[in-house]
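Note that the chains take the letters A, B and C in the order they are written out, and that residue 1 is the start of every chain.
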Amino acid sequence: MSNEAVHNRRKLISMVMTTLTAACAVIAIAILTIILTYIGYKGVAAINWEFLVETPKPVGEGGGIGNAIVGSAIMTLLASLIGLPIGIGAGVYLAEFGDKWFGSTVRFVADTLIGVPSIIVGIFVYTLVVLPMTRQSGFAGSLSLAIIMIPIVARTTEEMIRLVPKSMREGALALGAPQWRVTWNIVLPAAASGIATGAMLSIARISGETAPLLFTALNSRFYNFYVDQPMSSLTVQIYNFATGPFEVEHQMAWAATLILVGLILVINILVRMFTKKKY
Amino acid sequence: MKNLFSGLMIFSLLSLTLFVAGCSPEGTGGKGGSVSLQGAGASFPKPIYEKWMNEYGKVNNGVKIDYQSVGSGAGQNAIIAGTADFGASDDPMKDEDLKKAKGDLLHIPTVLGAVVLTYNLKEVKEPLKLTSDTIAGIFLGEIKKWNDPRIAAENPGAELPDTEISPVYRADSSGTTAVFTDYLAKTSEKFKEKVGTGKQPNWVQGVGVGAKGNDGVMGQVKNTPNTIGYVEIAFAKENKLPMALIKNKAGKFVEPSLENVSAAAEGSAGNMPEDLRMKITNADGETAYPIASYTYILAFREQKDAVKGKALADFLWWALHDGSEFAKALHYAPLPEAVLKKVEGKINSISSGGKSLREGAE
Amino acid sequence: MSKTGTIGDSVFRTILIIFAATIIVIVVAMIAMMVQNSLPTIREFGLGFLTGRRWQPASDIFGALPFIYGTIVSSVIALVLAVPLSLGIAIFLVEQAPQKIARPIAFMVELLAAIPSVVYGLWGIFVLAPFIRSYLGPVLQSYLGWLPLFQGRLTGIGMLTGGMIMALMVTPIVTAVVRDVLEAVSTTQREAALALGATKWETTTIVLGNAASGIAGAVVLGLGRALGETMAVTMVIGNSPQISSSLFEPAYTIASVLAANFAEATDKLYLSALIEMGLVLFLVTFIVNAFAKLLVIRVARRSGAH
């Protein structure tokens, strides 16, 4: 074989492989497009004002998911109120003091918790909160979501703080500022946008969770603003609609999905726009 | 940005306040005479319960009743664990489970339902005729094809395809399953031995597909050709799916109509025990549909919260009287007169502090 | 350092330690709860629980094997489909595509991970399952029907559908980790290879060789995710505790049986059996994730040394 032929063959292989890998990317994008288009196409048909504000009605009488939207919002908010401070606090600890055995233990356990299937978190909270309270509740649902959120927030916070240049804190420490002031006034503000990004993404993540809510928040047919009562959520409602036998419910499942996925995509795109400069 | 974190601190304090403020006022669950009740249980009566609660809410503004169809087993768990104000189950509770309850748990029959066999066979135009033997054979995996001679014998002239039968059963614990298997076990020794009865019997491995809820089975049958499944009649009618005629004890093929279901209850009303726990499968009577059952609401006789207890008792009374029209529209047979009298007595026995909560009512 | 400073420091530190310790408390409590609640079945069945093939709650017979089998096989299907795809995407993004194209594509792949599980399930029921029943299934049966894997009834609901839905969900995760790993390989290696006249693909193979353990880590991480996937799988896998050679047959996974039956278990032993399976799932995902982390860290360390 001539040198040139070998060279051409190598070039050909290289081109083929490039095409193949590009094809993989195309497949992934095609799948995303198909899923999103289908949701849009099916969902738009069933969305109207009544659907957005009404509560569920007996089958065939219309009704909507207003209470599920409110329930999801309340539980996501409450979960964030519990999960963000703990998660961020733990993240700060890991970044600032976490180099000893306790830090590595926490880091390891946090990673473990991230990997725990969310249905197990639901069962845990059911045993821990629902049974003693003798009631499913929005609070129990929020707690499950918070437990899912905490380790994610902790680890992203740690990463973001570690990105803050050492020189910044050394300067302040040299001027005699106590460590906590340095962390509070210099390091955290410097890492704030990164931490906020992580927080937003974790909020997007928990707003799509279903499994941890099945046994904890259950569901409700009414608008409910009391967190010690069972609470409806978009995800559980979608699950009930989807597995139901009625065509009208299937349509409602798509419409509810459009709203849920729309919200999650908006958060993701916004976060992306904000962090564009950094990456 | 510093504010962001001070803000977070305030936020967490706020969250605590919010939580405390976010709890419903204790006791009656609302102000201005409003009461909310939480029910959970069987999916079999879900459409009628939701209809009742919705209509009752219109005439009694202050009463909000929620019902979540989580399954009969979960309904029994919920009333025992106290996570619901009332439970619902298609299957009467077992004695050993009743013992777990802290108090006297009442079984209140609300409507009669029927379990129908529905199938997805485009070729077959006339309703399929099935006997308990063919049904048992299908679910035991012994009758594998639709054109099996045993099915064909009962359906002369029907165009039965040469395709495999795909039975669909309930994978979750279910009262509908309990009724269905109770019927088959009564009529087939082999079925009793191999599968048994109950909410979650021992389905033959490799035969059939499991699905969750009446909903799930229905969806599975509706979406998959050559399937056969058992569901509550309303689900099949609502979806205009075909329903098989079943050969009853008297040897007649009967359709699952409200009259035929009532006929099954009527004949057995005299034998009803004091606690109202009763099965009416394979009942006597020329027109009795053989796979019928009561569905129950489970409530404690002694109610801790008088306001809630009264709301529940009043609702039940309304449902069984004014509500019976809605039941028919949704394909549930109302209780026969003889049974209704006994149930009224049970509702009137719901009390708080030893005092009947229905006193002074109609 | 001033006195207020040291007091402030220790207060600050204590608060943070409490937050950090919360994570440990949660996980320890979780393990304790599961161990305590699974004691009845552990006592009753011992290890036989894991190898028992019969799951008959009505007669108090609890064998977890069908669920373990379903969990493993569906996860393997997911990986078989997702790993080549993810590798392709990641290689394309890091090694082949110009930055301008790579960035939006990477973002779109990430969006696949943002779609909630229940939405994949919904899509699976109404789009993927009918597609498998009417198109993919018949095609597989006509070409590969001699394999036991593709025999049997086609309902569209079953192991294959569950595995495929999971593949979609695992792809963005594996892709992201492989991308990180590839990016961690130092550019000097690439430049050296290119300078020696290697083609783009040949350079890529060298990079891949160096990143091998990290890629393995990504795959294992994907496995961890697949094992615990709940909602989407519950909606499409058929929920039947059987061990069948056919991928078209319905199956059951540990996570789905927990979702479908946990609230329904009236019996103490039944509940205990479910929770013991939860414990098994917990331990397995734990080991898998720890192993994955170890593999990924090795690449990061190695490239750090360059």
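As a convention for this text, a residue touches a chain if its C-beta (ideal position, glycine included) is under 8 Å from a C-beta of that chain, and two chains touch if they have at least 3 such contacts.
Note that the coordinates shown come from a computational prediction; the quantities given were computed from them, not determined experimentally.
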Specify the chain pair with the maximum number of C-beta contact pairs.
A-C
Farthest from subunit A by Cα centre, which chain is it? Let me know.
B
List the centre-to-centre spacing of subunit A and subunit B in whole Å, with centres computed as mean CA coordinates.
36
Centroid of subunit A to centroid of subunit C, CA atoms only: how many Å?
17
Note the residues in subunit B that touch 2 or more other chains, in rising order.
70, 212, 216, 219
Listing for subunit C: what residues touch at least two other chains?
125, 263
Within subunit A, the set of residues that touch 2 or more other chains is 85, 88, 184, 243
Which residues of subunit A touch subunit C once you look at their complex with the stated criterion?
10-11, 13-14, 17-18, 20-25, 27-29, 31-32, 34-35, 38-39, 85-90, 92-94, 96-98, 102-103, 105-106, 108-121, 123-124, 126-128, 147, 150-151, 154, 176-181, 183-184, 204-205, 207-211, 214-215, 235, 238-239, 242-243, 250, 253-254, 257, 260-261, 264-265, 268, 272
Under the touch definition given earlier, write down the residues of subunit A that touch subunit B in their complex.
57-61, 78, 81-82, 84-85, 88, 130-131, 134-136, 138-139, 184-185, 188-190, 192-193, 196, 218-222, 225-230, 243-247
Under the touch definition given earlier, write down the residues of subunit B that touch subunit A in their complex.
1-2, 4-5, 8-9, 11-12, 14-15, 18-19, 22-24, 29, 36, 38, 40, 47, 50-51, 53-54, 64, 66-68, 70, 81-83, 212-216, 218-219, 222, 231, 235, 238-239
For the complex, give me every residue of subunit C touching subunit A.
1-2, 4-6, 8-9, 11-13, 15-24, 26-27, 29-30, 33-34, 37, 84-89, 91-93, 95-97, 105, 107-112, 114-119, 121-123, 125-127, 168, 171-172, 175, 199-202, 204, 224-225, 227-231, 235, 255, 258-259, 262-263, 275, 278, 281-282, 285-286, 288-290, 293
Residues of subunit C touching subunit B in the complex
53-54, 56-59, 61, 125, 129-130, 133, 153, 155-158, 234, 238-244, 249-250, 252, 260-261, 263-266
